[in-house]
């Protein structure tokens, strides 16, 4: 059995959640799970349908994007995952999908405004949309540069990757991450749901106001603050 | 067996209806059932997935919001339920969800206008949306004040809680209630359906008129009047 | 066994199709099937969930709206069905639903414009929306008058009930009919699908033109003309 | 066993994918598979529900549209398939559906603009919508002329049928094709998904810009270029 079996299993189960949650069509999404002590991550092989996937087929890649173990080619988005793991040693899982509503916001090149408490239960600010890449970056190592797009937009918005665990890539689609595959996949579903609600809200009332600061703080604190009282922990 | 077993069972089965009716994602909703003779209610534990829930885990809380029985922390919305039961001795069940279309109207901070007979079969007026809470209320006992938001908006709109069994909390999401968990959950599904139809109607025809009074009265009377002829009772 | 067993069975199976096709929530729809030689029809009992329905429970009603056989109260829409059967001796089944997109058009009080061949495969003109009833009619025998609303809008639009088998009641919801329960239910699903496509088309392009006459005629003829070449008959 | 069994089987399995992928209601779609060495194709019989279909019932038709084998009448769209196979000897399967979002764009008579990488992973340009047919063509051999509508719009847009495997027929609905039934059906699902995302994007931001050329080229190349690195081939 592979010494990387733990992260291969976790990545495998995370990938299977994507079609169950309605976040992917065909093979359009991938989940990876990192082992920071070994500086590697397990990621879905490219173009393999979720229903045919096995734990064994998960590909092990190092933080430079080189395959360490596995017979299949890893997801074409692998360099993006590698860049993020290299920069974030407290992130253990990354998810990329083309989920419908989040992707529509990405194609709109607009941040998703914070309009209600569903959003505020998870984030204290708008969900940022990175502007499209420069032509030079595209012609270079494209997926590698996508990682820097994510790092740069967080920096520009003065957001830490631990408070904002989701970003839209303009013209493209979302990336989310978290402490575990379960949390990173959960964030993808949250993002899709918040994106749909924000879309509907703006259709019903184009002037719908942003959530007021007192409510933003209250909802975030009750779930994530030092005196959090949501959930069982 | 707990002396509160009847309400724990009813609350348990009510909570399981929420994912079946497509009204919740993950754990984002809760159903409670009250026993007014004992001045307590059974409510979902916070953050527990519906598929793992058991009757035993339902938490018993008194009308001041104190846990009376149960090992898990009750839903973070518990104080809202407590306030409403304390004020309404003829309401036996309360439901809170973040269902998509009802939440979009809440985020829009608009009442749902009465545009057709689907709405009028259940309510004789627009479904009210309470304005966002004042900053002082938010910083105080937030979920407790949410109960008063509901009481206040009904008072302001001159609506009794027995004729209007559903309210939107501006920026937040809906609450519904009824004589039983079955009825309160039914009201959540009605609200979501009416919210979707009102959204579509306003997209198709922004000038779609409110339902005329004669039709509002007719449809309400045939289902709820003294000569009601809808259903088998 | 009831002498009306044939129509009770057909009505029963027709009613079960409504939730399968996603056309109803809870009990919000009903299918009836007539026996013109006996001048009676079988209809769903009021307020009974589809999953609990039995053939035996279907109620037999005459064309004046009087119950002839059955222990349960018939659907509250029964007088509408009775009026239509009395006037149309070539219609064997009638369906009423509150399906989402068709109801949104009814609430919008707009005819569904003929925008494409999906519509033209079934109808050669816009699907008419009857204006709301006068207050006097509402206060009278409401469901009985709804039947006349349908007869009147077809007359006004110069449409025969055999070429246009579907109508929207303004502020209310759709009615469809046909030679059999299968066809009448099929028409309800067609209407819902055409209503959704027309809604989306007008959102994408508010100036989308009506289908040109040559195409309307062609599509209708290939399915329904004397030289029809669609299907196996 | 029929000498055409291979293409009958492939067409049969392709047709069954349409309802599974949510691309058809009732019988509103058809998949054909050609054998260019025999100059025939297998196609769905007209008006037969997918759940009742058998391999044996698939109809064999030559490239002039004449039935070669089979007891049932072929799909009414058969002449369109025949024209395309006659002109394209490198296309082995054609699919026609009335899928909701693609059909709404067809009814809008607008090309689907290339707004993001989901689109660019499959096509380097907008998905063309052919203008409605002239009245003379409609009155002639309508479905035969539909084949020429597709050939003409590709010619007009300077697109080869191997780079653009999907077209909208104005007022009507989409056609897609490919090397195999699997690929042609896949293209129908891609088109529906891209159509929905483009609709949502334009609702969120009517001024959403087209994807920049550098990104169009990059995404297409990584999936289809000589150095493609998407998938396992």
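Each chain gets a letter, A, B, C and D, in the order it is written, and its residues are counted from 1.
By definition in this document, a contact is a pair of C-beta atoms (placed from the backbone, for glycine too) under 8 Å apart; a residue touches a chain by one contact, two chains touch by 3 or more.
Bear in mind that the values here come from a model prediction, so they are computed numbers and not experimental data.
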| item | value |
| --- | --- |
| When subunit C is superposed on subunit D by its C-alpha atoms, the rotation angle in degrees, nearest 5 | 90 |
| Separation of subunit A from subunit B, taking each centre as the mean of its C-alpha atoms, in whole Å | 33 |
| Gap in Å, rounded to a whole number, between the CA centres of subunit D and subunit B | 46 |
| Where subunit C touches two or more other chains, by residue | 203 |
| Every chain pair meeting the contact rule | A-B, A-D, B-C, C-D |
| Complex interface listing, subunit C residues touching subunit B | 25-26, 28, 45-48, 72-73, 76, 98, 100-101, 103-110, 132-133, 135, 138-139, 142, 171-173, 199, 202-203 |
| Of subunit B, residues touching subunit C in the complex | 115-118, 186, 189-190, 193, 196-198, 200-201, 203-205, 208-209, 211-212, 214-215, 218, 222, 229-232 |
